[in-house]
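Naming follows writing order (A, B, C, D, E, F, G and H), and every chain is counted from residue 1.
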Amino acid sequence: MATTTPVVGIVMGSDSDWPTMEAAATALDELGVPYEADVVSAHRMPVEMIEYGRSASSRGLRVIIAGAGGAAHLPGMLAAVTPLPVIGVPVPLRYLDGMDSLLSIVQMPAGVPVATVSIGGARNAGLLAARILGAGTTDEDAALRTRMEAFQADLAEVAHAKGAALRARRAGGPTGFTA
Amino acid sequence: MATTTPVVGIVMGSDSDWPTMEAAATALDELGVPYEADVVSAHRMPVEMIEYGRSASSRGLRVIIAGAGGAAHLPGMLAAVTPLPVIGVPVPLRYLDGMDSLLSIVQMPAGVPVATVSIGGARNAGLLAARILGAGTTDEDAALRTRMEAFQADLAEVAHAKGAALRARRAGGPTGFTA
Amino acid sequence: MATTTPVVGIVMGSDSDWPTMEAAATALDELGVPYEADVVSAHRMPVEMIEYGRSASSRGLRVIIAGAGGAAHLPGMLAAVTPLPVIGVPVPLRYLDGMDSLLSIVQMPAGVPVATVSIGGARNAGLLAARILGAGTTDEDAALRTRMEAFQADLAEVAHAKGAALRARRAGGPTGFTA
Amino acid sequence: MATTTPVVGIVMGSDSDWPTMEAAATALDELGVPYEADVVSAHRMPVEMIEYGRSASSRGLRVIIAGAGGAAHLPGMLAAVTPLPVIGVPVPLRYLDGMDSLLSIVQMPAGVPVATVSIGGARNAGLLAARILGAGTTDEDAALRTRMEAFQADLAEVAHAKGAALRARRAGGPTGFTA
Amino acid sequence: MATTTPVVGIVMGSDSDWPTMEAAATALDELGVPYEADVVSAHRMPVEMIEYGRSASSRGLRVIIAGAGGAAHLPGMLAAVTPLPVIGVPVPLRYLDGMDSLLSIVQMPAGVPVATVSIGGARNAGLLAARILGAGTTDEDAALRTRMEAFQADLAEVAHAKGAALRARRAGGPTGFTA
Amino acid sequence: MATTTPVVGIVMGSDSDWPTMEAAATALDELGVPYEADVVSAHRMPVEMIEYGRSASSRGLRVIIAGAGGAAHLPGMLAAVTPLPVIGVPVPLRYLDGMDSLLSIVQMPAGVPVATVSIGGARNAGLLAARILGAGTTDEDAALRTRMEAFQADLAEVAHAKGAALRARRAGGPTGFTA
Amino acid sequence: MATTTPVVGIVMGSDSDWPTMEAAATALDELGVPYEADVVSAHRMPVEMIEYGRSASSRGLRVIIAGAGGAAHLPGMLAAVTPLPVIGVPVPLRYLDGMDSLLSIVQMPAGVPVATVSIGGARNAGLLAARILGAGTTDEDAALRTRMEAFQADLAEVAHAKGAALRARRAGGPTGFTA
Amino acid sequence: MATTTPVVGIVMGSDSDWPTMEAAATALDELGVPYEADVVSAHRMPVEMIEYGRSASSRGLRVIIAGAGGAAHLPGMLAAVTPLPVIGVPVPLRYLDGMDSLLSIVQMPAGVPVATVSIGGARNAGLLAARILGAGTTDEDAALRTRMEAFQADLAEVAHAKGAALRARRAGGPTGFTA
């Protein structure tokens, strides 16, 4: 895996989704995974969208992350035209808190799966992409898997520290409090 | 409008949607509107789906009716590649009572509308197609609009008859009942 | 079609719906479709509402766009008294994010269809009206359909530009980023 | 109040609602309240529907019970054209378990109230009509209120008896059970 | 009906509900209906709550309006201990937009009806109370019913004026706009 | 704790809830906890319901399990009149799959908690009551806690056995299957 | 019960839950119940989470209060590894108003109950813990139960005062207002 | 990739989930991917569950598929203890149509992703696992990716055939039908 060739494609229907989707890029940066990011709209540029999906694998991408909101068709349509795993991020719009986005992405018919993460969960999409790449059997993949394990150990560290801070903050509390 | 050339295309993602979608065809038959029916899957044959939408207008279609269930992408994707009005029918699947189908179809982003009818409402999709055709300004279109008015008068007739039947059935009811 | 005679009627239950519904007017302006706009309340002026629907076709309207919120009865009641296609816009109110408006509009009984667009989707209602008019067979209708195709090409242009902008903005990003 | 003149009107959009709505009639029979029952469809016979509402009070009706399903407009439209209290019964249809019916009936805009009961709750609609009539100040109204109190005492009786039966049934149960 | 004796009781579980419930009082003021207002909590003072309901009719009340939020038990519990009609107002709390309040109030079991209005719909609760009182057969009741008819005529007036204002505001609009 | 004196009261609004609620009794039987079962309706016998709650503690009950459906007020009303922990079981009714029951029980206002279990989860209500009793500090309570630990160990045993059975059943499966 | 040894453990997945969960601590302070508070994350430190649950009883805890949001697994996982009663607090996150948190906590499978309180209802979690402790049979437990009864009496006092204040505030209101 | 060593682990909380989960196994069989299947319950055997997740990667698994229903914690808990990608299948239970299962699985907090498929969508879970394996860079992985492309081509074939069958079936239909 040459680190300068993107192996993950992050796409979204509009640049207005970028504030949500940027967290996927950040996660991949943290784990040293090269990626590309682009606007690919299922509804506004359907032919280019299909071309993007069809060429993804031959261009070297190994995972696609697609964010969309409302009647969110982008992840599912890309999954229809690539054999690669496609991760869908339900982007919440002004109404319905992203429930429409979630159902439009996750309820795919048998035959064409989309790996759906939580509403607005672009960071997890990036982490999931890293897990998928780390499931490979090359040394480079194993190294990424090891970085993921280190990342998970860090999560535990941070959680421990938060607990310690909470206990410390509470130490001078009201009589009878012992934590 | 030559009655032997289809002006409405009824499409669905799978032939398993036909029991739901057939009611659209029946409504068009009743109103004398020629149509075609086909399986066009957004997820299983995306390129042909786009071709279907792109050629629809030049083939003489004036309205497309598309039924789909779950993460229902067919109506919206067709609307993305045709200037014709697209009517979406949310087909209910085994779970969620069609709420996922409804939201996946109706919550389209600005720019690409889908005329959505009720969950499982294929009959209304046929009637809406007829109304759309009848909104034209030719004599043939006006004739269809007149048939629609006659159809609506029939609805009132039937409702009246049902009321009369209910009142009759109740006539020998318990003391104190006067209807 | 004389361009000074309205062919679309935009109506709403209260002038408080205008900030939502104005987007339908804007879309029609962009596409050169003449329209009228009015307050027609199903609940506060039911007789005038019915009269509006009954006379719409003879007054020259070819499509009605009706916006309403909560127990939103206006689109369905108008559809009951006109053979024209009626487009319903679910206006979101203070609570429930427009889900009540959506269900009250889209779940019409068999016989009386309403072409429902997304919650707050007045712009799409205007675009759908233009598609419906463009489905006619006169030269004027064909010209509108051609304008709709140009509008759709513009959507693709804008989406392309957004993608380019996103890629450009990202070009000086962290090491390893290649887009 | 002459017992042979209906004071409650039970109406519904279709005779297919009668199996649900009959329970309202039964409750009124039990409490000796004269009523009429009819099919009055907001969508299929809107003009007659408005006439029904407008004439209700002058015909001697004091309460209207209206059942409807899906995009349920009948109760609200009747409330718009009568000063009488209108009770709405959300009739559940094939999908969505009556949630659409409930929201379409209960979420009325300020100015036009509908007294909504539970999904499929026609029996309670009948009982509510009797409470409304019993809120009057004539001797006849007071007598009905007294009958309602007796009805409520009966409810308590039946509940007591059910408790006794449950305790009795359990008496020979497993060791350690003492009820 | 002596105007100084309350005939409607407006109650709520907490004074924090008053900003919502005040609209019921305002509506009754407008229609000249005397009422009382109080805090009666099903959960915090259950015995007094039951006493309130039990004595309501003998104290001269003819209708009870009860507002509550979340697991909203007040309207249903009052309905259990009075033969009077009880109107329930679902008060929206911080989460769930009042859907919990609505279901907790409207889904009453057979035998004990609550006349439910819209989420936050206290104004309609007041208007419904006036309709219920106006359904009586005394001259005073008929006079209230007449005032309700005048109120409804005013609603239509206001709606007409809004339509005129909208049309006027649009008169200098873009070319092609004719309203 | 004399094993013949009930320490848990299982109550429900109607004997029609017994098929659901019986599982609570069975769980308590399995763990040797004495209980009583009765019909106590918040809506049909509110005064007796309050008396039941008020006397529960002095009669020796330590936990109350209350099941109810729809606008489910029984658990919350009992919690209002007893200092004991009250466990609420949302009983699903014909429509809405118990969502109304759940929200009516769990969304209690601050001050009056109900320990809510899953929709139809009466078995877990019984187990929760046993955990609550086992949280006491007497020898008898500790013995019950020990029985709960044994019960939990049994759950693990059964799950292990199911895994073994599944692996065994799959052993002669298609080529390539290795479990 | 030595008042300096915690008998309740308040845990949460992240210190960002503390603003919500603090109300549980406050309620326990008011009732004189000693507790500890800590960050214990099911997803970020699963092994420590299990150890926390496994040792809780032997460390002297008698009740665990666990708050979590979204796919909220902490309460259920703790309940799986302790025989103590576990109270779950659904913490609302940015989207869905806590509905996901609620369902993830309350819908536990048979065998492993979680005592769920309302969305964001940490105060009630504290009060429920006190009720559970007060259900014990020692003198100390009885004293806590008595304090709970006093707390409930205070709730009634406050509600009464609010009613008086509301009536006072309304006393100079519009003509015809009598409360 | 030795075809006799499982690279996918299919686990579920109970053997009652097998009828749903079997479809994942079938999909993997069709694509020649070796797997194992087992019962691993988060709630009934939490320690073994964690051990399963912790050892998965070192045992040679590259993807885990976990199905669970209701408060479905298994997929998320496994994701917390493995660096491998975990696919979650929301198993629908008796109530709520799997909405609780879906939200409990998909709404994972940042840091711990679960790749969620549709409600009951075990077949897609198997296909997604194959896509993930095929995203690897070895020859064996590329071969699997090629098989996935063939599988997708088959989907299109079958859809085409269904369309042909529908058109054929309709060929002798009513006059005016042209498909």
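FYI, contacts are C-beta pairs under 8 Å (C-beta built on N, C-alpha and C of every residue); 3 or more make two chains touch, one makes a residue touch a chain.
Bear in mind the structure is a predicted one, so any value in this text is a computation, not a measurement.
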Query = Comparing F-G against A-G, which pair counts more contacting C-beta pairs?
reply = F-G
Remark   = Expressed in whole Å, how far the mean CA point of subunit D lies from that of subunit H is 48
For subunit C paired with subunit F, centre-to-centre distance based on mean C-alpha positions, whole Å = 52
Key: Distance between the centres, which are taken as Cα means, of subunit E and subunit D, whole angstrom   = 18
Ask   = Touching two or more other chains, which residues of subunit E qualify?
value = 13-14, 43-44, 70-71, 80, 96-97, 99, 106-108, 111-112, 114, 118-119, 155
Inquiry  = Dump the list of chain pairs that touch, please.
reply    = A-B, A-C, A-G, A-H, B-C, B-D, B-H, C-D, C-E, D-E, D-F, E-F, E-G, F-G, F-H, G-H
Message = Under the stated contact criterion, what part of subunit B meets subunit C in this complex?
response = 1, 23, 57, 62-63, 80, 83-85, 87, 102, 106-108, 110-119, 121, 123-125, 127-128, 131-138, 141, 145-146, 148-149, 152, 155
Complex interface listing, subunit E residues touching subunit F = 13-14, 42-44, 46-47, 50, 69-73, 76-77, 79-81, 93, 96, 99-100, 103-109, 111-112, 114
Key: Residues of subunit H touching subunit F in the complex   = 3-6, 13-15, 18, 25, 29, 32-41, 43-45, 48, 70-71, 94-97
Ask   = Given the complex with subunit B, which residues does subunit H contribute to the contact?
value = 92, 97-99, 118-120, 155-156, 158-160, 162-163, 165-167, 170, 174, 176-179
